[in-house]
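Labels for the chains are A, B, C, D and E, by order of writing; each one numbers its residues from 1.
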Amino acid sequence: MSLSVDIATRLGALDLAVAFDAPEGVTALFGRSGAGKTSVVNAVAGLLHPDRGRVVLNGRVLLDRAKGLSVPVHRRRIGYVFQDARLFPHLRVRANLLYGAKDDARLGPICDLLGIAGLQERRPGALSGGEKARVAIGRALLSGPELLVMDEPLAALDQDRRQDILPYLERLRDEAGLPILYVSHAVEEIARLATTLVLIEEGRVLRSGPAAALLSAPDLAPVFGPRMAGAVLPGRIVAHHADGLTEVAVSAGRLFLPAVAGAGGQPLRIRIAAQDVMIALDRPERVSALNILPATVTALHQGQGPGVMVQLSAGEDLLLARVTRRSAEALGLVPGRACHVVLKSVAVAPGGVGQG
Amino acid sequence: MSLSVDIATRLGALDLAVAFDAPEGVTALFGRSGAGKTSVVNAVAGLLHPDRGRVVLNGRVLLDRAKGLSVPVHRRRIGYVFQDARLFPHLRVRANLLYGAKDDARLGPICDLLGIAGLQERRPGALSGGEKARVAIGRALLSGPELLVMDEPLAALDQDRRQDILPYLERLRDEAGLPILYVSHAVEEIARLATTLVLIEEGRVLRSGPAAALLSAPDLAPVFGPRMAGAVLPGRIVAHHADGLTEVAVSAGRLFLPAVAGAGGQPLRIRIAAQDVMIALDRPERVSALNILPATVTALHQGQGPGVMVQLSAGEDLLLARVTRRSAEALGLVPGRACHVVLKSVAVAPGGVGQG
Amino acid sequence: MTTVWPGPEEWAAVLLSLKVAFWATLVSLPFGIGMALLLARGRFPGLGLLNVAVHLPLVLPPVVVGYLLLLALSPAAPLGSALASVGVVFAFRWTGAALAAAVMGFPLMVRAIRLAIEAVDPGLEQAAATLGASRLRVFATVTLPLALPGVLAGAVLAFAKAMGEFGATITFVSNIPGETRTLPSAIYAFLQQPGGDGAALRLVVVSVAVAVLAVLASEWLARRMMRRARG
Amino acid sequence: MTTVWPGPEEWAAVLLSLKVAFWATLVSLPFGIGMALLLARGRFPGLGLLNVAVHLPLVLPPVVVGYLLLLALSPAAPLGSALASVGVVFAFRWTGAALAAAVMGFPLMVRAIRLAIEAVDPGLEQAAATLGASRLRVFATVTLPLALPGVLAGAVLAFAKAMGEFGATITFVSNIPGETRTLPSAIYAFLQQPGGDGAALRLVVVSVAVAVLAVLASEWLARRMMRRARG
Amino acid sequence: ERLLVFAAASLAGPLDTVAKAYGEETGTEVVVSYAGSSALARQIEQGAPADVFLSANQGWMDHLAAMGHIDNATRADLWGNELVLVASAPGPEVALTPETDLMALLAGGRLALALPDAVPAGIYAREALTTLGLWDGVKESLAPADNVRSALALVATGAAPWGVVYATDARAEPAVHVRGTFPAESHPAITYPGAVIQGAGPEAHAFLSYLSAAPSREVFEAAGFRAALAP
């Protein structure tokens, strides 16, 4: 399962030229407003005809301008959640949902998941903004696509609803093996979902690769915003404790996280935001933070402003910590310096844990 | 300057009955998708005619169903940023922006702020989702309203852009004295902007009052989501340091925050998320966290899951900390227990500091 | 003769007009929709000329249109005899009156439908395509339903035109009582005679009454459709 | 007489038809827009009847419409003489031909415009109102520009109809060369004359040519407008 | 120096020639408005600025006379015409007598004529057929047209195999064949009366006299009209 994209086209003032490979899982497109994300996704879905380019999905050539080949939109089997919902105004919610579906077998579960079961007899005109977004997601899911393309699908949704939908998308990714092309501004969403990350800046790919690596690359921190930078640690569930904490093994030791679903041994991806990491030279005692790992400073990356991005190796993994320059100097943080990283259990949960 | 709203109407399955007073500043409407936020805002703007109700803006009665009075939309002088942008498709961006403006005096500065100066000659059809949202904001701002109503204006925007726009909205609030009715799902936005908070649940006001108080009420933490709960501390700028940190006085001591704009003495509002607060029984040494304040546990609020919300008094102010139950027990946290709160400088900045 | 209530012959003309207008509208509707779609979305050379051709019945005097129909479809003409051999006869039949009415109303119908099709948001059609709908299905389930008010408007215009059409009809299929003597033909006949005004007026009143009913019914239908579409 | 190129009298008819159609369309346009707006957005009793009245010229045979105009506006009629006393004369003038054409084309124009107005997103009109625009300004700056393709379509239909209108015109203002003898009336005169078919055919060709130009021009305009509106 | 003549449309060819000649001789421009006699008579009744009326039948002239719109002293029958039986196929002459088997000739086809109860040519045809005792036999097999030219077209195109029309129309149409002439006594004399409209100037009288003078008569006779019986 894979998607390979290589397109170029002119869009008003913007010269779009983007190439990337999306392996299995979720490939996130991340970039500023106007960078060209929607345009890329439109080209993949066949709604935009790039001047030149090639798009291949699971071995099926969807577009090859050089050969004059372009599979029509309705044969691409790409479910698209549009940035604007684009519900059919003349159809009730139920008919909208079932528009691309073979049957209504999955209607019930998906409606329950999205909290739209009660809206089925409504017309789209009588829905709130978030309700429209959820129906649009359901409609794309129900069309049984080979690739799911989602353009800021959760932007109109509240936190709770996101937390309901994200695990479902994870399950789609993992169980149904459905590749997803995901456009979002929310680093938390991307960190949690994305296996691959494609950073787009002014119509070009700034960097692309495994999400974990890119999210913890100190030089990319400015891209995600200083508050958003962080690392993704691979882990494995060890045990569930009675007080609601899940013990997770990472290469540097054990972490205690708020309950994570999954059996023992199940692999996990844990995002640890750089700003949630405190560095202590001595192992702190009698503090509320449960998670303290020995680490070694490997690099410092000085940005603008008062912050410094510190990259640390903890076990076999890399972590990022964002501290003030003042602290970095006071603690004498230089590459090679041994220290401890302190993280609050609650800081990583529940948005930051995804199934690996 | 004030807005007083008291409306009731039936919306499909939802029975909307909402009353609140919005004093000067930003009044945020917060609630789940479908709670009725957009409908309230529509009633204020005159786009929805409630079955019964009264809306008074700065002493001007805009709606009084009992007296059969309803000021027409175009005389209400309410600038509305719609959840969907609603740009005029036949007008260029410039004409859209100036549609409600008296002259183009403020066009340049507002375009620069919103990063849309280069788009002025475009048609809305050739804009990206985020660009549309920014033009819609600009258009409402330029119409010189007496009240600004914004329905999730920043949902389609990336982090950087939000960080550019939020201070501008703060300045509007403070300098122009323009009251703002603000609908958002993002607690950070609300925490930063809102002076008053109206929590709406299924068409009813769950609670309303000063934002600072509501945001740090431990019993409301589930409403904002456990990761979002936090307290807002009033502070005052003491000094700007050469290393980019601003020293701020709060009632319990001094905090060092990444550079905050403002002269010495300027009051601030500092939001401290509960999950960013670590509790230590002893004052930690040799750690990267610069901000350590003595505090006393005042209350514990046990939610579902493994977390406990701890309310602490630090100086004259209240703080919230979210820790695991295991830590709370290990540290023996009970009301009256003396301890230290540890917060990372970077955790509060820059999204969490607003001008007070 | 001075009673306002129409006599049996006049009733026959009323019923015939209704039949002609009904079938003219119904049968031309699919063609009107197809042509509107072609004009709205087609991209091929000759589209402009096709568009002109559709407008011609409007630009030409009805008598000319009737004459051209006569030339093309009289039993003596090749096309007319070919059609007759497969059982399709227009000459001196009410079907011919319907054809004439349909041709005259066609530009009105096509314009209204085309306008409505062009107003449909292409984004919705794209959305339908991403959900796997073929062009045909997109048209049938999205474009057409959203253009329905225009289809209805086009049908009403064509129906009204068919109720009033006279020049092309009488030229093409004559004025045979019970077969091709529609209301307008009957009115015309009365107007030709000195003193026929009274009888003509009576039929005009009937025409107006029919029009009132037809237009009110279409409005009612349109409002229902609107309410459905806007939820 | 056998040359294809029209003679001076025929040119006069062509020019007159263009003048009549142009003014008929131009002058009725504001009324058409107003009526379309009223029908699309109005809420008052009697709206249904108004709608019927607008459709009447379509339902009635053109001869009847012409006759009614004659009865109402002839110099012998009270309204006609009242208008004449303020200098507005329709009877047997080209202005009368334009009036007849305008009346016959009015339902076509109104329907197209109304359809387009009804298709305008009310959300955009609301947005304009929140920006302080009065109803009138909303209409002039949002509704009307967005309905412009419909206005154009309505104008084209009315113009085409005016080019082809004959029955009402000849009945109302007769067939006076240089004053009221439009192209269709000239065609009619030739068709009535033994041996006049050739000349009639020549004028039909001219009609078609004018129609081709008019429709192509309107399409070009429409495409420009579309491009402007969709960016 | 301008004279407005309202003339039955079937007079168009020769009347144009005569009017032009008159203009060259006298310097008075003669403008002719051609339409159906009924339309013209109604317009005169409503105060049309016509100077002379040339009607295709006596009925409308009688009507105007009764209403006092014409100068009765000037009324004169100017031309005559004959009624002929035409067919779309050539063949032997058909003697029109009570013995004529019209139904056999029609062989299932229809007999085209102008509206037999409204339009002059049709009324004459009905009277002729009635006198010959043939009416009842064919009255279910008619193809009544709105005017005699349309009836001729039905025969010319082969839509109707046979028709009854004026001799003047038949001779100018190469696609029809005159197969018989109705005996003059089988119908009232076919005459075209002319009269000066009440209040018209002396030029109108002069023109009317000019029409009955020899040079004009020759022009009309060349077109197939008969000289009118002396009044």
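We adopt the following convention: a residue touches a chain if its C-beta (ideal position, glycine included) is under 8 Å from a C-beta of that chain, and two chains touch if they have at least 3 such contacts.
Predicted, not measured: the structure shown is a model, and the values here were computed from it.
Trainee: Touching subunit A and subunit C alike: which chains?
Mentor: Touches both subunit A and subunit C: nothing.
Trainee: Taking CA centroids for every chain, report which one is farthest away from subunit A.
Mentor: E
Trainee: In angstrom, rounded to a whole number, how far apart do the mean CA points of subunit A and subunit E lie?
Mentor: About 90 Å, centre to centre.
Trainee: Which whole number of Å gives the spacing of the CA centres of subunit C and subunit D?
Mentor: 19
Trainee: Just curious, how far off is subunit D from subunit A if you go by their C-alpha centres, in Å?
Mentor: Computed from C-alpha means, the inter-chain centre distance equals 60 Å.
Trainee: Any idea how many Å lie between the Cα centroids of subunit C and subunit E?
Mentor: About 35 Å separates the centre of subunit C from that of subunit E.
Trainee: Can you list every residue of subunit D that touches 2 or more other chains, as numbers and ranges?
Mentor: Those would be 63, 67, 188, 191.
Trainee: Could you list the positions in subunit A whose residues touch two or more of the other chains?
Mentor: 84, 122, 126
Trainee: For subunit E, which residues are shared contacts with two or more other chains?
Mentor: Within subunit E, no residue contacts more than one other chain.
Trainee: Which chains touch which?
Mentor: A-B, A-C, B-D, C-D, C-E, D-E
Trainee: Under the stated contact criterion, what part of subunit B meets subunit A in this complex?
Mentor: 11-13, 31-34, 37-39, 83-84, 115, 118, 122, 126, 128-131, 133-134, 151-152, 155-161, 163, 185, 187, 224-228, 241, 243-245, 256, 258-259, 275-276, 278-282, 284-290, 305-307, 321-328, 331, 333, 342, 344-347, 350-351
Trainee: Could you please specify the touching residues of subunit D with respect to subunit C in the complex?
Mentor: 48-49, 51-52, 55-64, 67, 107-108, 111-112, 114-116, 118-119, 149-150, 153, 156-157, 160-161, 163-164, 166-167, 184, 187-188, 191, 200, 204, 207-208, 210-212, 214-216, 219, 226
Trainee: Taking the complex as given, what residues does subunit C use to touch subunit A?
Mentor: Answer in residue numbers: 123-124, 126-135, 137-138, 141-142, 145-146, 148, 228-231.
Trainee: Which residues of subunit A touch subunit C in the complex?
Mentor: 45-47, 72-80, 82, 84, 86, 88-90, 99-100, 122-126, 139-140, 143
Trainee: Inside the complex, what are the residues of subunit E that reach subunit D?
Mentor: Spelled out, the residues of subunit E in touch with subunit D are 4, 6, 9-10, 12-13, 31-35, 39-40, 42-43, 45-49, 147, 149, 168-169, 171-173, 223-224.
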